[in-house]
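The following pair of complexes shares a single chain, subunit A, combined with subunit B in the former and subunit C in the latter.
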Partner chain A sequence: MATIASKRRTGASRQRTSTHEGFLTHRKGRWLKISALLAVALIALYIFVPLPGQHFGSTWLGYTLGTIGALLILWLTMLGVRKRAITPGRWSLKAWTSAHVYLGLLLIVVGTLHSGFEFGWNVHTLAWGLMMLVIVSGMFGIWVYATLPRALSDNRYDEDGAITEKQMVEALRSIDRQIHDAAQPLDSEAAALVNRSLEEDPFAGSFWNRLTGRYPRDATRSAASGLRQMRANKPRVADDPIEKVDALLTRKEAMLARMRRHLKLKSWLQAWLYVHVPVTFALIAALSAHVVSVFFYW
Partner chain B sequence: MNFLIRQIALKSSGEEIVRPSAVEADAITIGRDGACDIHLPDLAVDPFHARISPLSGGKLMIESIGDQPFDVDGRSTTRRELDVATGAELAFGGHRITLSADPETGAPTFTVRRVEAVSESAGDVELSTAFTLKGLLPGKRGSAWAFALLMLVAFLAIPIWSWATYQPLALQKDARRPAGVHGDTAWSSGHLSVAHSKLQNDCQACHVEPFVAVRDNACLTCHTQDAHQHIKDGARLLKARGEPQGFAAFQRAVATAFNRPAGRCVDCHTEHEGAGAMPATRQQFCTDCHDGLKGRLPDTKISDAADFGTAHPQFRPTVIVGMDGEKPLLQRAVWTDTLKENNGLKFTHGQHLSKVNGVAQMVHRRPGQFATNDSLGCKDCHKIEAGGTRFKPVEMEQACESCHSLTFDQVGGTFRTLRHGEPEQVVADLRAFYRGGAPARPANLSGLARRVPGDAALRSTAADYARAVRFYPTKGDQAVAQVFSKGGMCFDCHTVNRGGSAAAGGFTVQRVAQNDRYYHVGWFDHKDHRKTDCASCHVKAERSNDASDLLVPGMDGPGGCRSCHVGEAGAKLATAKVKDPVDSGCAMCHAYHMDSDAPWKPADKRKAPALQTAVADRPRFPAILK
Partner chain C sequence: MSEVYKVAIIGSGPAGMSAASRAAARKLDHVLLEKSGHLSDTIFKYQKGKHVMATPSQLILRSDQDFDAGKKEDILDKWTARTADLGVNVKYNAEVKSIRGTGPAIEGSVQKIVTRARDGSSTTTEVQRFAPPYAIELTSGETVMAENVVLAIGTQGNPNLMRCPGSDLPHVTYQLDDPYAILDEHIIVVGTGDAGIENARGLAEDSAQGNVVTVLNRAPKSTNVRESFPTAKEPNAKALVEDDAIGKLAIRYETETKAVEPGWITLATRDGEERIRCDRIIARIGSAPPRGFVEGCGIEFASADRLAFPTLSPSFESTAPGIFVIGALAGYPLIKHCMNQGYDVIEFISGNTDLKPADEPLLEAKFADLPGRKSVNEWLELLRGNIAILDGMTALQMREFMLDSDARFYKKGETIFEKNAPGSSLFAIADGSVHVRIDPNDSSKVVPIPKGSIFGEVGLISGRRRGATIVAAEDCICVEISRNAALKLQSQVPTAKRAIERISTERQLLQMFGSGLSSDDVREVVDTAKIMQVRAGEPVITEGADDKDVFVIRVGSMIVEKDIGGKPVFLSYLPAGSYVGEMALIDGGQRTATVRAAIKSEVIRIDGEAFRRVLDAKPALLERARNDMEGRRRTNAFIESKKDGFSGVVDLYSEQAKFLVAQGLGEATDVLLIDERLCVGCDNCEKACADSHDGLSRLDREAGKSFAHLHVPTSCRHCEHPHCMADCPPNAIHRGPDGEVFINDTCIGCGNCQRNCPYGVIRMDKVPPKKPSLLNWLLFGNGPGPGEPPYKWSKKNTKYTGDPQVDEALDRKKAIKCDMCAGIEGGPSCVRACPTGAAIRVSPDEFLTVARLENEGA
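So, the complex of A and B:
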């Protein structure tokens, strides 16, 4: 995704210059053009080539499209292997990814034309459905890849520059240590409240909490609000330890919120793959069943 | 009392630092407050949490100052007696305090360790996975395997198991699987046609062997009666189709390589195409072979046909060419406008259908007895069959006799008629009629009566009587001769010849054969043409006065089929004048399976009840009354 060059720690401005060409626009959309051309050609074949019979999947064009589709699915799956070896050049990973995206979209045309628009409750339509599920999840993936990284960067930047994931954890640890020290003079009731915040795992929360970024029973927030309630009923004194702890808890809350926003964005960036990848393998299995069944009951 | 306190801290390297101190006091306190003897900087610990005081006999009492409990040897409590010699383990928040006796002095020693991190975030965080969804969702690899396995089991293993279970039922006509869900139905690519809907669950009925395309023997397991081969010699059929060229040859090669031989039933009768009826056969299926057939099968007797409108051989109706005893001799002849068929009758269609002659007058005088009141119509004689496809043979008793009466005598109010179809009875009846009126014996020839004297009168009477008796039978013979000769009842309609038996008066009446179906290879249905006037096709009927004129229309000319019917795509000859063209593919008249029934039609186009065309209905012999 976009590589961002920035002037670090100038405090004055954050200037970003994108020198990057993403996989969507790789070589001015070469694979987009190739796929669009192929799609138009295949649709024209489907409409204009005279064929005997009505059952499209079992005509010569149907078998041809089916073979192309199956090979395409296997090749698209190979991205999972290919992405672990980054190489430059014509068959750079970027080129490969670009082809993966656009040929994957072409697969909608190939697979659907192969079906001849005959759907039913059978293994054949199941394979088509799984294929569409994989493609739609991939489209969702492209959408999040295209939109979320900017939000992710924005979240990581502040006047001090970018913060890394490690620094987020370190910052929380630091605040926690300070809270721990500052809370030592507190009475047992207040100390228990503060301790709940310390004992809370910042990475806790379900998949749903991650996706929505909402953590309704957050201990840090309840500790802060509990302390404020206690303090409201007490006379003001100088150097009130509660005041210091409260300030520290507020800082922790801000840091936590930032990290959780980071977690939310990363979840959206990753979650689609939990559909895309397993369903791909379900698809390959269903596709095998589809192919075997056709020849078994030939 | 003397207490030893050993505070242990950990270096980052994991090494322990021990900070010992001694407290001389009556009792010591444990708590978060800096004033406590054992100071635990732990927010889970009360500022003043517990107090430890000595008891007698080397025992100590630990009790909570507030109400906050603490752990002793893993059990939560607020008060517990401790034995210094035995030792104990105390837990306060994230700290563990071990009690033991000092080996030298025996003084109670408290070793204090922090066992939990200050906060959860201070613990170890695996940075490579903490920011991912790992642990929150089922792993990609695991679920990929699980899903894939599920698919393979549900849609590969179980269907194959279903197949293996019911494979023994293959090629058995009435064997059906038990009701229920069968795994291999998930492989069905679509509903079976209506005719095969009962086989929906019985995959093995057609798919007999795995990886072997459906063969004809599966079809013929049930279709033992109704599947007629187009021609018996399958090799000839393939030869008629010719060797595929170009891309078609490639397709054939691929199909053969994948074990899909050409020429099977299922080549045309494709299935799994939805729950409707099977689609009608397209002309292409026929013309693939029949267009230019002579070129590929030089010895064939069948003429080339490509399209009804433009390229169809002339019709060859089956006509009666003579009689073999009682059976008519049938022969196919090329239709021409002048083709003759002698069925043994004399009949004048033109005269009978006239609107001005004596026949029409007769109809006028007997209103209500015929279809119309101004002249005879076709249906006054020609009655349609039950199915409506063809006509029943004309029956003399119903059609002709109302005018052409066979009456020869009247007794009181009863008319006596000659028996139709039985010449011997006709002869006998006529002879009996004239014998019954034999001259009476004159009274003076009997011995007892009074008479004129002398023999002259007697002789005269005897001579008269003898002459009368002698000549009387001659009148019967004359009547017989008359009825079988020109101007006689029989002769008017029948072909009568000499040379018959004495019982038939020496005459023979030629057997009559009525042809009920002229076109056996093609199918013609009068029912489908019932809105058309008969004379539109049978144009010669109103003019023909020779019964041997073949009034069945041919392909071309006035009244020919091409007056309305054009090719499948509307093609017609330049010479044909067609007002309301009817697109006509091969299947409209021809059946692929060569039986005598109507060509197969899609269910939605079958209007009338099933047609009853039994072999017994073929050319009907003259009625013989029994």
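So, the complex of A and C:
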């Protein structure tokens, strides 16, 4: 039917891609394969290389594994710098993330083999424990990164297409203005109820509220239910202003719920880093202690 | 009525005022007519405190008035004072209604004015020109007599008027000074642009005013305000819709005025006519360019093109003897140009014919590097004489043309441009000849282009990269014509337009179908080819039709759709430079798919029979076409086979493609796309962008539309024909070596590009101060950290010097947009800095392919 004009590119310093490829499948799982191979090789070495029975850590293989592990930890930490240092060059943060994820998982093997499965109540096992905590929090991070973006995206869609966080806030403000106008004829008791909903900050609430998405003392919901109770005791009239306000409050509740779902998902996408990063620093401290102490005692 | 002035100047903008000042300084008997109550109405209405720029800086100002960059108010004050000092005879509130000669009829000087109605029909009126002196009739009924008239009225024009019965009644108005002064009225606002919306909202803002405001909108109601209010800014339209929702005012969709009578208005609605109360009508339906008025004065325009300017002599005299046209109306929108012309035109009128134009030094510099010592005029003559497309130009047009163009000398063997280099300029050969390299690896395979001809037209027309390398075949002189100059040339000189079209059609065919063809082979095809404009969404080929024509996409892009199971399914995307429609020609039978324009496009329609004959004569070409066709056919078959098993996926793929086209991908060359299934919302793309470019982010990740997990953020698409470039006074927007559209340092911050960009990707902002280094932040917490610094921090850390000039520069807002990280090794930072691979930058032809369907799991 037709012929597309031939591709013309200068072949500048930029790498071109034509589809989206996530960090987990980067280059068809290049780092997954590398890490898996390394893990298998290291385990094989551990099993088949004959070494003196005691203090595996001080054997040549132990030292090698330890050095690899320590350097790997430092390199993995450097992701935080790489992410922020936007220097020129043909690097891709996605490739770094991919390597970070799989080499980080490899660290389970490296670190644990290095321990020679000798655990106790000492600084060495503390370093191992912290390392595992970082890795586990990282695994949780992978799960969050792999699943929540889709939910975050789904939550943004309605029948008219996707809306942004800013638009959600705008929509809430617009409903608030309408509630304000519609509530003018209400008596003072009802107006006070409505006012509490209007004064409520959509971003209010504790970190816990955010993470759970539960807001037990929500002013909008209590205003709506309060109004309904009031109306139940009154004779029915046509064009009841309470009814109009109630309808608007219901709309606000729905929008507020969507906004809170949005905030909840966003919080989860970040919350795990509050464990992952500080514990990393604790790990580096413990690791230093471990390195210094082994040179003293062994 | 008794006095006949030597010269009457109409319009007191920079051009008119400068002319009047010269006339006053020369003690010439003159009058300056200004329709408003003050000088320079256009500049007067600029927003308060606007910084007015004095570009181009290399142009020398020659005027009795001073002009330097500065605040609008200061400039106007200076002009007003100087005008009074010089004793300029200004007549304020003098709006001109008509200008006619009172002398004898000029024999053989008849102007034909063609007016086109909305329905496409046209009527021609003939105006007999009369000799001066001219009678200038004012709207007040007064008449001013003058031997010479200088028209310096700019291009703003007058408001469009309503045309229904009763529209001449006094309560039909076209402006609103103070909306709060109107009480207890039924008001109809016609027009849903920003002006109409602002008026309507002002009138209804305070319900205590008691106004009943109705806004008439011709468009149907839609949840997308961009559709229902296409000419308004989005926030304005949204606010209006909101006011309508809460009952402050009423919007009537799909409604027009039918008739007006005192106290009432009859509306034509979708459901029939309706008569409602109406005490006042405010019509804000745009303004008409002053062309009608100008033509009525006997002044001829260079062509029927909307962009055309009046035909002028080197001394600015129009086709009506004694009427001179200067300033923006003559095609010179910059203040300095205007002021110089004001000076010049009075000198010419007073008989100083030796005056060298103020642009003489600029042109001298342009020709300085060429061999052979010639004067500017000799060079201009040489170019006009040798280059076929410049033949129809006047001396004045040549000067203006050369200001935007460059004449260059190339030694034998020197490369003029390389294949795949970006560039939208046109080249013309003034002397010597050039070779087109057909084979990049074999420099002996060349096609000559002779003296007088042009090359580079593909870049000019399609906005795509250069198709071939051009090398000087002997020592030669070429003129590089910038895109703007080339467009102006085509609108001014119709013969040039036709010549360029013909050459470009022929070359495009030859280039597309390979080297086996010569221009003789395709002569018949070129002769029968027609260039057609296609509106967005309009089909050029309809599935099931029996026609046999072949189409070459010259500008814009097309999408191919096939009806499968009652639904149009997207098959492929065709960028400019592709051809389509050969399948039916080669195989016979009906059209197998529909091809429609993704955006406003231009195609070359090639007669099927003529093309068939070329194919028959050239079996190699037929073979190639068959091969090309085979790929297409496989795509069709693939999609049709997938449709049964994975109809959901095919639907999604198809819908997504349509969504992307609706987002302007049809004119994009490189667009940022975010896969929402991968995006964690870290905004590292924005931070990276800010950190790569002076601390200002040029993209807004969250803003922009999404469809089926695909998000098109607010970021530049680097359009084929960038809208932002259309109206840049200092010509600061260019296309760079990697195809990026960027704004250089000469930006004056006027905001035209921001307004012209349909995708809202340009922001006006000042550059924040430099941040402490990343390490400094990481280790000591100094500075605001990665990304765009907060406004407060920037404000606090801007180091003002106390020197008003330096401080002004620190505070000056400039246009900021994506430059695709040109010159930064590794390419776009936003993509490199995405931790999950959600952000990619692609060209639409790379992305909109069937491969995508396979990746989606079909």
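Basically, the second predicted complex is superposed on the first by the 268 of 298 C-alpha atoms of A that agree within 3 Å, B and C clash if a C-alpha of one lies under 4 Å from a C-alpha of the other, contacts with A are read in each partner's own complex, and residues count from 1 in each chain.
The criterion applied here is as follows: a residue touches a chain if its C-beta (ideal position, glycine included) is under 8 Å from a C-beta of that chain, and two chains touch if they have at least 3 such contacts.
The model shown is predicted, which means the values in this text are computed figures rather than measured ones.
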{"item": "Partner chain(s) touched by A:S153 [first = subunit B, second = subunit C, both, neither]", "value": "second"}
{"item": "Subunit B versus subunit C as contact partner of A:A192, first or second or both or neither", "value": "first"}
{"item": "First (subunit B), second (subunit C), both or neither touched by A:E165", "value": "both"}
{"item": "Contacts of A:T67 with subunit B and subunit C, given as first, second, both or neither", "value": "neither"}
{"item": "Touched partner set for A:S225, first subunit B, second subunit C, both or neither", "value": "neither"}
{"item": "Partner chain(s) touched by A:E118 [first = subunit B, second = subunit C, both, neither]", "value": "first"}
{"item": "Partner chain in contact with A:R173 - subunit B first, subunit C second, else both or neither", "value": "first"}
{"item": "First (subunit B), second (subunit C), both or neither touched by A:L263", "value": "first"}
{"item": "Touched partner set for A:T280, first subunit B, second subunit C, both or neither", "value": "first"}
{"item": "Subunit B and subunit C footprints on subunit A, overlapping residues", "value": "165-166, 177, 181, 266"}
{"item": "Subunit A contact footprint on subunit B (complex, rising order)", "value": "32, 41, 43-44, 46-47, 66, 68, 93, 118-122, 125, 127, 130-133, 136-138, 140, 143-152, 155-156, 159-160, 163, 184-191, 203, 207, 210-214, 251, 254, 258-260, 270, 272-273, 279, 284"}
{"item": "Of subunit C, residues touching subunit A in the complex", "value": "223-224, 242, 245-246, 419-422, 464-465, 467, 560, 571-572, 574-583, 592-593, 595, 625, 628-629, 631-633, 636, 673, 675-682, 684, 687-688, 691-692, 702-703, 705-707, 709, 711, 737-739, 774, 778, 785-786, 824-829, 831-838, 840, 842, 845-847, 849, 851-852, 855"}
{"item": "Of all residues in subunit A, those that touch subunit B in their complex", "value": "52-55, 57-58, 60, 118, 120-124, 126, 165-166, 169, 172-173, 176-177, 179-181, 183-184, 186-188, 191-192, 194-195, 198-203, 206-207, 210, 262-263, 266-267, 270-271, 273-274, 277-282, 284-286, 288-290, 292-293, 295-298"}
{"item": "Of subunit A, residues touching subunit C in the complex", "value": "1-5, 7-10, 12-23, 26, 81, 83-86, 88-94, 96-97, 145, 148-150, 152-153, 156-157, 160-162, 164-166, 174, 177-178, 181, 266, 269"}
